[in-house]
Amino acid sequence: MRTETLSVEERAGQKPVVRVEDLRVSLKKRHKQTELVKEVSFEVYPGECLGILGESGSGKSMSVKAMLGILDKNFAVSGNAWFEEKNLIKESKETLRSIRGSKIAVVLQNPMTCFDPLYRIGNQMAETFATHTDWKKEEIFRRSVEILERMKIRNPEEVLAKYPHQLSGGMLQRIMIGIAMALKPALLIADEPTTAIDAITQHEILEEFIRIKQEHQTAMIFITHDLGAISRVADRLIVMNSGEVVDRGDFQHILHHASDSYTRLLVEKRAEVMKKYRESIHGHQEVCHD
Amino acid sequence: MKQYVTKRILSAIPLLIIISFVCFVFINLIPSDPAEVALRVRQVPIITDEAIAEVRAQLGLDKPYLVRYFSWLLDCLHGDFGISYVNPTRTVAGELMRCLPATLQLAGVSFVMVIVLSLPIGFLCAVYKDGWFDKIMRALVFMTTAMPAYWVGLLLMWLVSIKLDLLPTSGNGTLKHLILPSFTVSLSYISTYIRLIRNNMLENMKQDYVLYANVRGLPSRSILVKHILKNSMHTCIVAIGMSIPQLISGTIVVENVFAWPGLGTLCISSIFNRDYPVIQTYVLLIGVLFVVFNLVFDILQTVSDPRMRKEGA
Amino acid sequence: MERRFLQNKTAMVTVAIVLLTALAGIFAPVLAPHDPYEADIMNKFAGFSAQYPLGTDNLGRCILSRMIYGIRPTLGLAVLTMLGTIGLGALMGLLAGYFRGIPEEVIMRTVDVMLSFPSQIMVFAVVALLGINVQNVILANVFIKWAWYARMIRTGVMQYRDRNFVQFSRCVGMPERFILVRHLVPSIAADLAVLASLDVGWAIINISTLSFLGLGVQAPTPEWGAMLNEAKNVLTSNPTQMIVPGVAIVILVSAFNLMGDALRDVLDPKEVDR
């Protein structure tokens, strides 16, 4: 169930969409400084999906937020994040803002709380497009309907007039993905997109990401603590633990030759859970490995 | 939705009944006999036991407690709150109506001041959290919570009216007379609401929808005003609305300082003169206002929230 | 906890202010340079001097002495009010949490009604009903405030009666009354201390306001609110009269408010290291 990966030779000629070098984030509080992200480096090539694996608090979301410039002024960020000839870490707030949502799009977890409860879905989609494009009202509406249709949402016109609480988590998550892809971003960041939704919807959402990767060749960063989810979409992995990258490589490498003890622990836990799961479903005879 | 509103209105009725009952019991707890008082009010020279008994029957005081309560309640609903003990030629309703406009004026202007000052200040404090403006405002807010309203009134009166001679010290009539008293009344509410709005906005800033608005690249001004402010306003307006009766009752002290001829001054002088029907009616009035405003703003809050609006539909 | 307390400067300073004020009140006869009632009519409205450090008032009484003696009614009545409030609130809250059923319903509905009344009006109503008197002022303040404590303590009882350690004690056969007092009191003491110290500030303002209006402590008695009432009459001619009592109230109330916040930090370690 793995999608094709670019070989090393193919990649050699390409420039990465984003290249993060030596990223550090620390929190200033009174006179204490706590390092939250230490020396994180990675790059993502066009059409490739990089998985960032780690538990909550391991600094994986923090690294991405630092890159996008959405940490508040209590955080100190250093290092480089190259994106389209620009160093995101050094760019002005305004430049970063215009990149966010158009060239770099983000899908978050908790779709149920990500939309402002006081505004209709259509309004929140429209404000995004109005910020980044010069589309007229009618065009925004037409495109919004198109996006929802593409995300296989029935009665898109009705959905646009609904408030977030009237829709299901899966639907909102698909709308979020739709908004993210609407402006054809060069990089799509998915921050735990499958954590807060039920298993069946999770499957559909993952399919959606795989489809995006195949159809649009969008570079993708997929952040999760779920080994199962990451195994299906990611081409390459980095594993983070307490702010540091502790392991990197493709999925098979991580699964069988993890050098870091923490990574091995993650893998073992996962294997155990899967074993139990299969045992309970198929009985003892069919136990097999990943 | 309709169901909710009906339920909410019905739930307020027992509370109103309890409040009215407490007010009724109140006047029956006082040491003086209402019949005797009535006779004195009529300026009967010699009060005999027979005369008292007669008046008792006349006023229905010999009837059971509950019967008297209901007839009193019925009178109240007709706007008849009895006559003043001190000034028998005047009705309580007339006395209250005479003083009500001045208090409403004061409370109204204070309310406007609360909104006009606390909203922008609270907003700016939240936006520039821990900046110099926020720090100064927080210090001021802290100071005002420790200052008794009457002392603030005296200080302002001395500084603005006597020292700088800008505004009149007391009395009412013109807009100039209104400024100091209403600012004094509103001050403690202003600091309460600055804190409420600031904290509410900061709380909202941590919400997922703000993060999502940020990663979609929305301009920060739009995030602040369209999303965060609107979400906080929701809570704050309701809280401010519910405090209107408190604002009205809070004028008691300030009216006294500035010799403002409103309900508060009436209430205090009634306490000194033991004019119980006036106090009773005043307490009843404020109690009812309290329940009604709570009810109205509670319903408003529900109606204005899309999450609640659609559920019942 | 002691160490955290000693490290917390705000807690130290505010507790020191409160304690010093209380001591000054207790030892007023020793500390005050003059008799607070002694009028020196030749020296009325005197400025600061060695003889009268804070000057004199409209009857030539020493303001400093009146301030020191004034601590007794001002702080004393507030503390008394809080003791009454907590006592009544705790009794009602424990009864409601302990007996459940009908007593609980009755008490909690009463609490609901109490909380739905505007408190300021209730004070005036009670004072009007019982007559203008210091004792009644305290009764009135207890009467409007106890419901908050009753509700808080009942919630505490409800939370703790199902905790494991309480259930364990019950299994071991300890009487329930003993369990409640033994386990409940320490567990809600922190909340209670914070709330109470914030409310002492509130009580000081409330009582002084009533005195200011002439409904509380009466004229010749030196009380800060009553002193301000007298100062009000000479506002035009001698505005400085209102400075000292007012500032004193602000300082003392601020100290209690800050102490409440500091106590919260000291008593709740989670908050500090957040």
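Worth a mention:
To keep things simple, chains are lettered A, B and C as they appear, and every chain counts its residues starting from 1.
Rule of thumb we're sticking to: contacts are C-beta pairs under 8 Å (C-beta built on N, C-alpha and C of every residue); 3 or more make two chains touch, one makes a residue touch a chain.
For reference, the UniProt names are A = ABC transporter ATP-binding protein; B, C = ABC transporter permease subunit.
Computed from a predicted model, the values in this text were never measured in an experiment.
Most remote from chain A, judged by the distance between CA-atom centroids, is C.
A simple rule picks the central chain: find each chain's mean C-alpha point, then take the one closest to the mean of all protein C-alpha atoms, which gives B. Centre-to-centre separation of chain A and chain B, using mean CA positions: 52 Å. Averaged C-alpha coordinates put the centre of chain B at 24 Å from the centre of chain C.
Computed from the mean C-alpha positions, the centre of chain A lies at a distance of 55 Å from the centre of chain C.
Shared interface positions of chain B, i.e. residues touching 2 or more other chains, are not present. Those residues of chain C lying in contact with chain B across their complex are 113, 116-118, 120-122, 124-125, 127-129, 132, 201, 205, 208-209, 212-215, 225, 228, 231-232, 235-236, 239, 242, 246, 249-250, 253-254, 257. Across the interface of their complex, chain C is touched by residues 15, 18-19, 26, 29-30, 142-143, 145-151, 154-155, 157-158, 162-163, 169, 245-246, 249-250, 252-253, 256-257, 267-268, 270-272, 274, 276, 279, 282-283, 286-287, 290-291, 294 of chain B. Those residues of chain A whose C-beta lies close enough to touch chain B in the complex are 68, 70, 97-102, 105-106, 108, 110, 113-119, 127-128, 131-132, 163, 165-166, 176, 179. Chain contact summary for the complex, chain B toward chain A: residues 207-209, 211-220, 222, 226-227, 230-231, 234, 305-307, 310.
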